[in-house]
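Two complexes come next, and they have one chain in common, chain A, joined by chain B in the first and chain C in the second.
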Partner chain A sequence: MVRKLTLRQHDALIGLFLILPSLIIILGISLQPILSTLYFSLFEASRGINTPQTFIGLGNYVTLLTDAVFWAAIGRTLYFTLVSVGLELVLGLAIAQLIHTQPPGWRFLRTSLIIPWAVPTIVNGTMWRWIYNADYGALNGLLLQLGLINKYIPWLTKPELAMNLVILADIWHSVPFIALILQAALATLPADLEEAAAVDGANALQRFLLIRLPLLRPAILVALVIRTVEAFRVFDIIYVITNGGPAFSTVTISYLTYLETFSFGHIGRGSALSFLISLFTLVMAFVYIRILYRPEEKL
Partner chain B sequence: MNKVLRTLILVMLVALVLLFIYLPVAWLVISSISTRAELLSTPIHWIPQQPTLQNYLNIFFPSQGVSEVARTFRITLWNSFVVASSVTAITLVVGSLAAYALIRLRLPFSQTMLIGIMGTRMIPEISLVIPLYIFASRLRLLNTPTILIITYLSFALPFAIWLMAAFFDTIPIELEDAARVDGCSRLQTLARIILPISAPGLVSTGLFVFLTAWDEFFFALIFTSTVAAKTVPVAIAEFTGRYVVDVGSMMTGGVLAAIPPVLFSLIFQRYIVSGLTAGAVKG
Partner chain C sequence: MKNLKTPFALTIVLALLAGALGCQPAQQAGPATIRVLTMEQAGPTVEEMNAIVEEFNKANPNIKVEIEYVSYDALHDKITTAMASTPPAYDVFLVDDIWYAEFAKAGYILDVTDRITKDMRDKIFTASWDITTVGGKVYGMPWLLDEKYFYYNEELLSQAGFSAPPKTWEELVDQAKVIKEKGIVEYPIVWSWGQYEAAICDWVTLLYGNGGRLVDDSGKPVFNDETGVKTLTWMLQTIDEGITNPASVSYVEEDVRNVFSQGKAVFATNWVYMYDLVNFNAEQSQVTGKIKMSLMPAFANSGVQSATINGSMGFSVAATSPNKDAAWKYIEFLTSEDVQNRYSAHLLPIWQTSYQGESLNKLMGYTPANATTVPMFNEQFPFAHVRPKVAYYPEASKALQLALQLALTKQKTPQQALDEAAAKWVELAK
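Let's turn to the complex of A and B:
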């Protein structure tokens, strides 16, 4: 008994030694900064990082929550998140399903999916910006040759279109991610359940909705939460394709935070904004962990 | 007949998805080997009549008169490579040790710590950037690869710990017990038994970390502004900002930036799918 206890203590000591470097790094570059951000968000500091600061408590939050600009950015972020993640999930599921039926060429398709996923986000954005180009873009060229438009359209100058074009670029990049996850999950599903259901007279749609979809639920939820967190903080692709324009129509909450902080030097308000984004992320992280840690939902 | 029709429809769907995947990539590559005159012609020359590697030559063997971004692009490639591989090396060593301790050594609060690490991985970069910027400017680390390596650890390390923990969890504990009975110490067991078996996990984790670091844009945008540390994504974003007419160089930069991650991902394909299902994310 005594020997076992010392072994345990010995293990704990080694464990501490092994984990210490990681702990120091995480505390230093994640935890400390996020607390500093919270602290900065309580101050009025509106002329850059090294300006005098006045404590105003929740003042920055009050200003934000009563500001139409803030709510407009939230609205655009929700639009981007719901539309892009929604479409990505439907298309990803469809492609996973397509691969699962193993039509001719399915291996090549599965390998090909890796390419859009691996292309760096900035390259993806640059590529689509060039495709959308008003005077020489491939989209205009293609649509004109197909006879769908009769003159070139300046796509990215139209506020009502710009966000949807960003979403299309995001779909190209992210559908493969969801398709790959779901296709891997489909491959692990037991076939006998569906066979039994088929014997009992369930048609293909019933089998899909009542058996396959519920079994896929954990994988779908994981993909959904990861993509929602990513989409809610979207920045890179907007920076490259539209720069927030035209007429602020693609200014999402992350982009607004960037503008407040680095273009206008509103450090206090920028900190408050970024802390609000963290809060949202925290909620989603909680959901994610709940999904992963419910053993009965694990496949 | 019914079966033939079904196969036909499925094949058409496959072709449709393949078109959606490859058309934009094809246009990226074609634009990089077209002359400026052909790029700016209407109607569009889908197939370049005078394909040229001039844009690639401008980047790798810059001569007078080439734009500054094109001239310095290979330096930014090198910066990206240095930053991404350093981050990968550090996170693999530091992260796998921590993951092993959390999974195998009965530390108090290991479950809580794992969940906390998971949580920090999800903190958006924008919520860390102001304090990190102040830190960097006080230590005169702005415009150095060092600050990028340090700040990239904020997302790469929790991510690597999480992935490695998932892999260590799948290794049967009996293996270790056997080694312990044979007289190996904890650290010897780790070095001789666990690490060799975990090679696939290390490859997969390393790949994901490298890709994420190669992809990273926001910290690089904020912390670097000169060629001393600027990475590829920042250089490409600068093409779109300042040199609107230089589409050829821009697309060439894009192709060059995409080649390493696409190549690695295709080579290590099977690790990617297993990593994705273990909960991995890249931008």
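Let's turn to the complex of A and C:
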């Protein structure tokens, strides 16, 4: 008995040692910056060494919340988030269902799904910038060969189109993520419920809507929360494909934060923006959990 | 098993700790490391910059230079981020003309007034000292003395029946219409009018070529006057008439080079680096040997013979660098007359003496491109205009970029868009 206890204590000590680095990392990398961002957001501070800082309380927040540029960016961010995550969920679910039926070559399909997801966002953005290029891009080449257009279209110069093009690039990148999560969840669902329903005369749509979808809800929740938070903070793909253009039509809230902080050097206002993004994200996650997460279900 | 696991776990912990400690710069007795940040775009190639570093490292065993490259559009923000830490992530960085006021005010760049020798003062172009001087103090060494040039594809132009390039923008439109009618290319001219600093550069070229100005003598924005509106309207018109490649509204200089290199445009404006790549580099260009440069056109009846943008840059030492002397030594080497002459294919020297007497002949012979670019520089540089040296330039520029984009995508009239940008400039100056 005694020997076992020391072993357990020994294990606990090693366990502590092993989580120490992650504890340090979590406290140092996430908590400390969040607190200093909050602190900075209360100052009128411009960039520089030994530059003066003036405490202005919530002044930065007031400036932002009364600024049309801020709300326009919020609007674009919500549009990006809703459209891209919505389409990604529908497509991801469809692909997951397809793989679940195990058609010929489904293993290959499942493996090749990883590729778009594995491509770093910056590389993905660069790739799509080339695809959309007006003079030598693949999109114009494809549409021209199919006879859908009769001359090359300068896609990225159209303010009404640019955001949708960024969304398309994001969907290509992120659908696999949702498809893989949902496919894994589908594989764990008990088959007998659906079989019983089929015996009782439920058709395929009813079985899908009334049995499969409710059972998938926890997996959908996980995918949605992760993707929505990611989409709401979208930055790199926009930076690479459009640089916020044309005419600011792809300036999202993160892009605006980047401009204010790094390009214009308004450290205080940039910090306030970062903090607002965190708050928005928190609210969204909360709403999702209330809607989709029921106490009797476990994630 | 236990005996195996414990050392294993401890090794991981130690490795993590060692990794964390490794981030601290080691204060060893070895050579001082100088980290340099520069750009890979519109200037010397990476191979050339690496070769210069190698030469320097060989000649200076006590100093080890490490060099990093980013695109021009990432450079400003990378510098400001790097300066947030102590010691800064870079000891030396490339600074654009338009950032000197901002960086000097922020205290990022070292005042090197006392390090400038009389020899440097006398032999380097007076105009290039303006690049790195803020409020009478020198904050860096001028390095890249550049401006936008007018390029044309001689073969395609002669196919259209023209023996000489246009001298005015009106003449360019006339030639372009013939080129288009004959089906030689779909869009005769390509520009960099994307939502980047590049758009401001082309706008300044056209605005000053029409007798306009960005700001008046008191620093007040005047680009929204009649001339400014007329110039922007002209830009819009060339898109509508199919003379300007409509994709220009999303393009930067590298896109211009790609389109021009494929023979898809007869005219283009770009920095000096494009000439060598488009005319002599068969790997990257399908139009080698066919490209000529001529004086940048201006608008007829504007009283202006030619106008272009001065896009010069300098190298500066980070004010908080622990190795200021070594950093300065590298900058001195990089900008020395000898190094600049030898590496002049995509960048011309800042040294007046390189363009005089015997040196001029030598400079023109260093690379095949120099025979054209060196005389062209002498001809064009008197017409180069600088952008305002103000600490809030990045924000002012973004407002003007937005105005140009709003007008070029027809969401606002040129007058509306420019008025809004001018109002923003006034507000920023307060």
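We adopt the following convention: the second predicted complex is superposed on the first by the 258 of 299 C-alpha atoms of A that agree within 3 Å, B and C clash if a C-alpha of one lies under 4 Å from a C-alpha of the other, contacts with A are read in each partner's own complex, and residues count from 1 in each chain.
Going forward, a residue touches a chain if its C-beta (ideal position, glycine included) is under 8 Å from a C-beta of that chain, and two chains touch if they have at least 3 such contacts.
In this text, all values refer to a predicted model and were calculated from it rather than measured experimentally.
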Using the superposition described at the top, determine whether chain B or chain C touches more residues of chain A. B
So, A:Ile14: does it touch chain B (first), chain C (second), both, or neither? both
Please indicate which partner A:Phe248 is in contact with in the superposed arrangement: first for chain B, second for chain C, both, or neither. second
Counting only touches as set out at the top, which of chain B and chain C does A:Trp117 meet: first, second, both, neither? first
Between chain B (first) and chain C (second), which, if any, makes contact with A:Thr257: first, second, both or neither? first
Would you sort A:Pro103 into first (chain B), second (chain C), both or neither based on which partner it touches? first
Let me test your reading of the model: by the given contact rule, A:Gly265 touches which partner, first (chain B), second (chain C), both or neither? second
After lining up the shared chain so the two structures overlap, which partner does A:Ala134 touch, if you call chain B first and chain C second: first, second, both or neither? second
Just checking: does A:Pro154 make contact with chain B only, chain C only, both, or neither of them? Give me first, second, both or neither. second
Just to be sure I read the superposition right, which of the two partners does A:Ile277 touch: chain B = first, chain C = second, or both, or neither? first
Common interface residues of chain A with chain B and chain C? 10, 14, 18, 21, 49, 133, 135-136, 258, 262
Help me check something: in the complex, which residues belonging to chain A touch chain B? 8, 10-12, 14-16, 18-19, 21-23, 25-26, 29-34, 36-37, 40, 49, 95, 98, 101, 103-106, 108-109, 111-123, 126-131, 133, 135-136, 138, 141-142, 144-145, 152, 172, 176-177, 180-181, 184-185, 219, 222, 226, 229-230, 233, 235-236, 239-240, 254, 257-258, 261-262, 267, 270-271, 274-275, 277-278, 281-282, 284-285, 288-289, 292
Interface residues, chain A side, partner chain C - complex: 7, 10, 14, 17-18, 20-21, 24, 46-51, 133-136, 151, 154, 156-159, 242-248, 258-259, 262-265
Touching residues of chain C toward chain A in the complex: what are they? 2, 5-6, 9-10, 12-13, 16-17, 20, 73, 76-77, 80-81, 83, 102, 105-108, 186, 194-196, 245-250, 255, 258-259, 262, 264, 319-320, 392, 394-395, 398, 402, 405-406, 408-409, 411
Help me check something: in the complex, which residues belonging to chain B touch chain A? 7, 10-11, 13-15, 17-18, 20-22, 24-25, 27-28, 31, 39-44, 46, 94-95, 97-98, 100-102, 105-108, 113, 115, 117-120, 122-124, 126-135, 137, 150-151, 153-154, 157-158, 161, 186-187, 211, 214-215, 217-218, 221-222, 232-233, 236-237, 239-240, 247, 250-251, 254, 257-258, 261-262, 264-266, 269, 272-274, 276-277, 279, 281-283
